[in-house]
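Both of the next two complexes hold chain A, though its partner changes from chain B to chain C.
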Partner chain A sequence: MMSQLIQSIVDALSAGATLGLAALAIGLVFGVIRLANFAQAEIITGSAYCLIFTWDLGWYVAIPLSILVAIAMSLLMEFAVFSRMRTANPATLLIASFGLSFLIQRVYELMFSNNVRTAPVASGLAQTVEFAGVRVQLLSIATIVIAGALLLGLQLFLTRTSQGLQLKAAAADFKTARLVGIPAGRVIGLSFALSGILSAAVAFVLTVQTGAVGPSFGVQITILALVGAVIGGIDKISGSLAGGFLVGFATSMLATWLPQEMSNFKDAFVFVLVIGVLLFRPSGLLIKGRGVART
Partner chain B sequence: MIDRTATSDEVALSAPRGLWYRLGPIWSLISLLAIVYLVTLVNSFLGDSVQVQLQYALVNLIIVVALQIFIGTSGVLSFGHVAFVAVGAWTVGLLTIEPELKRNLLPDLFPFLFDLNAPWFVAVLIGGIVGGLLALVVSPVLMRLNGLQAGIATFALLGVVNQVLTYWSSIGPRSGQSMVGIPDVLNLQTTMLFAMAAIVAAWLFQRTKPSRLLRAAREDGIAAASSGINVVSQRIIVFAVSGIVAGVAGGLFALTNRVVQSSQLNIELTFITLAMLVLGGMLSLSGAVIGTLVFSLVDVLLVRMQNGLEIGNFIVTVPQGARAIVLGLILVGMLLFRPSGITGGREFVWPFRKDRPLPGMPPTNEA
Partner chain C sequence: MSIGDNGSARGSIGSGLVVENLHVAYGGVPAVRGISLEVKAGEAVGLIGPNGAGKSSTLLAIMGAIGRTGRVLVDGRDIAGLPPEKVVRTGVALVPEGRHVFAELTVADNLRLGAVGRRDRSGYAEALEQILTMFPILRDFGHRQAGLLSGGQQQQLAIGRALMSDPDILMLDEPSLGLSPTAVDTVFEALDLIRGAGKAVLVVEQRAEFTIAFCDRTFVLHDGEITLTLKPEDAEKVDVLTKAYFG
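This part shows the complex of A and B:
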């Protein structure tokens, strides 16, 4: 019982970490240009395809390449589409990113067909290890380590470098940041690039987990990440992270501990929770008061 | 807030008015009904496969009208209307499948549902009521939210409803299965009449007090609230009305598709109907109608082209799969270059009147 509890907590931590990273990727961009980018899903899918196709060449080729693909796609979306819609409101931007997501999914279907592509990506991580009677997947631990390292790196970047501080300032209040001379274009590009890196990490974890990638590979996690970011407080970088983590953790725990006949409804429980949170804290869990309405 | 003080030109204009001018607001209704009628008429000569697609298009038209009633009037995003469509479809499925068949196909139903049966027309109306009731029940919670939060919360509603319909076998098929055996009673003409009825209903509703108050709140929430408008309660009314329309559309979807499956009533349908509304222009009823018809016609054309379309001596062919890409490109391009949609949020008016109504305001005779 005890070991089962610890095991489920490790799994939930890993699920929460993955979703937290995905939500953070959305929150970083949203903080700067008010765009909840649903097409993040397609960045994750693209990066995952890259891992699958290049894994034969060795991990030291595949992983850097998949990160590059994610950054390139993220920047391309910004330059081709979103940079032309700066005056649109968040709801319109969300619909536009839905449209983009739909479009890119169809392109994937055309290029790689509807069937999933498979490759044994980092199959070593799929093993189970046992210590002190607790059996955990190596991948769960790897996920937690990757997420921790990325967050630490991001934290150092945001607080110790000039570029990072500029980004942080822009995410807190874009208008004022521009007034004090922070270059808008560069900060926006930076936020998209960082969110690309985070997406690549999410893609890696998910690809190792499933070993199979199809055109709608990234959609499920992006939906949950978007939901998580909003309930945590998408206005704040830490809010998105915490919200994403919470949704991932709760979903995983519910999947383990709900009685058999109820476990099919685990997502329904999470969504009811989401509506409840939004009702009492419409701006998000980590935002005090009603939040500042910004345009 | 858009300030509309009458200019001297308008005062001069307002004095003598012809019959056509007085018919201004009705003109927008008549032209929409005529367009739907003509499209149906033309398509009914084009063979069976097009007719089937058109019937789906008309059902989508009703869903988009329902979306427009809420999103266009309130300016609040909703990803949740397909939930009302889904419960409408479920209701019609449960009420129209033969009791004998139901016992065999859906063995886990609540016992009282086995013998519940209704003529299809009544079933569609009940579907509308169920959709409206669901909207009414959830609206006190959802209608307090704005912007992105409203979008996410309505999306969560869709998620909950979809999971319940998928897995709760006491009110439907077992998970992974679908409801079959829905009678073949709906033809193209009847569907067209339903679509027209939905347009008339939406047009009439535009003229009621809740709709006017909510449009005012959409333009400037703070000003509306300080003029004594209770935005939340007006939104609840409008949400429930659009829920009824969406429920009816769901019932018609069940009768058109004749198989009801929760996976068909989920994110994809939400996205496609929203795309249609955005394409036409979400602030006007004309936008909902034009957007749906244009989207559907392009779709029909592209499907034809994938199979090779003959125009004179030429055969135009596009590769398989290009259809969805073109539709996606149209939507993204529209959002980039004309975010207010084809109609720009305007309604049709008598083409020769001089004062064009503002976007989103239905044309009226009061100057």
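This part shows the complex of A and C:
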């Protein structure tokens, strides 16, 4: 029983870390230009396709390429679509990102068909190891390590570099940041690029988990990441991360511990939790006060 | 230029801010109607008037933060079409209404960010030292989160942050808003030093008497138009003040 509990906690930490990264990718961009980018799903999918198609060339080629694809897609979306909608309100931007998401999914269907594509991406991580009677999948540990390293790197970037500080300021108050002299185009580009890197990490973890990628591969996690970002407080970078982690952790724990006959309702329980949080903290868990107005 | 050495103006005659026939509208509704004004180096100019008169819109339009028509010249250069971050690099800085310090960042980081818009990076350390001398509280609380400072301290930080860009023209939107009388005195003593150091100061204020007395000239705005120009000696004339606000 104890070993099962520990095992489930490690799995939940891993799920929370993955969703936390996905939500953070959304929160970084939202903080700067008020865009909850649903089309991030397609960045995850594109990066995952890249892993599948290039894995035979070696991990040292496939992984950097998948990161580059994610960054390029992210910047291209900003340049081709969102940069032309600067004055649009967040609701309009969200709808535009839905449209973009559906469009890219159809493009994936045309290019790669509706069938899933498979490859043994980092299949060694699918093995389980045993510590003191507790069996844990290597991928769970790898996910926690990857997320920890990315978060540490991001934290150092945001606090120790001028560019990071500018991004942090812009995410907190974009209008004032511009009035202070922080270049809008540069911080927006930076937020999309970082979002792309985080999406690539999510794509890697999910691709290793499933080994199969289809046109709507990134949609499910992006929906949950959006939910997580909102309940944590999408207005704040740390809020998005915490909310994403919470939703991922709760989903995984429910999947393990709900009785068999109720396991189909796992998502319903998660959304009851979400509704509960939003009833009492409508601006998100980490946002003080009820309002999120920006002037 | 040195902010601290009171009275050593660097600006030459003719340098500063010139606004000609400025118009601003929100969704077709005019907010500023053909304002023209000039603020020379080493001079403080006030803008007063009731709420909705177009004072803040004037400052935001000069910064390029909202759409405008008309000409804005900075040291003789037309800055038409420049976004706010580029206007800062021409030597204009705005201390926005409500201070808008980056609350989760430290005081030191707020000041670092103010230097992003500097034209001359080499003067960073000297500028920082001058600002910390002018506002010693910012030195004492350098590692404190800006959001934890009092209103008066935040206003000092907002002014310090703006000065870090080494502006020739400093604009302030209601710097006394929500501050105690002591804090207001501190802020305006600093503005006096800044003016004395040769910078052009354009200040929007609600405190009419205080502003008129402080500024070299004060314009009264009503419905987006300048309706009256006042001198410091007008500050104690009740009839003039009444006319300024009630027409």
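Here is the rule we use: the second predicted complex is superposed on the first by the 292 of 295 C-alpha atoms of A that agree within 3 Å, B and C clash if a C-alpha of one lies under 4 Å from a C-alpha of the other, contacts with A are read in each partner's own complex, and residues count from 1 in each chain.
Criterion: a residue touches a chain if its C-beta (ideal position, glycine included) is under 8 Å from a C-beta of that chain, and two chains touch if they have at least 3 such contacts.
This is a predicted model, so every value here is computed, not measured.
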| item | value |
| --- | --- |
| First, second, both or neither for A:N264, with chain B first and chain C second | first |
| Which of chain B and chain C A:V205 touches, first, second, both or neither | neither |
| First, second, both or neither for A:I71, with chain B first and chain C second | neither |
| Touching partner for A:D173 - first (chain B), second (chain C), both, neither | second |
| Partner chain in contact with A:L286 - chain B first, chain C second, else both or neither | neither |
| Partner chain(s) touched by A:L24 [first = chain B, second = chain C, both, neither] | neither |
| Partner chain(s) touched by A:V247 [first = chain B, second = chain C, both, neither] | neither |
| Contact breadth on chain A, by residue count: chain C or chain B | B |
| Partner chain B, residues of chain A touching it in the complex | 36, 81, 84-85, 88-92, 94-96, 98-100, 102-103, 106-107, 109-110, 223, 226-227, 230-231, 234, 264-265, 267-268, 271-272, 274-275, 278-279, 282-283 |
| Contact set on chain A toward chain C in their complex | 162, 165-166, 168-169, 172-173, 175-184, 295 |
| Chain C residues within the chain A interface of the complex | 63, 65, 83-85, 88-89, 94, 96, 98, 100, 102-105, 109, 112-114, 116-118, 161-162, 165 |
| Contacting residues of chain B [partner chain A, same complex] | 77, 141-142, 144-149, 151-153, 155-157, 159-160, 163-164, 166-167, 175, 267, 271, 274-275, 278, 319, 321-322, 324-325, 328-329, 331-332, 335-336, 339 |
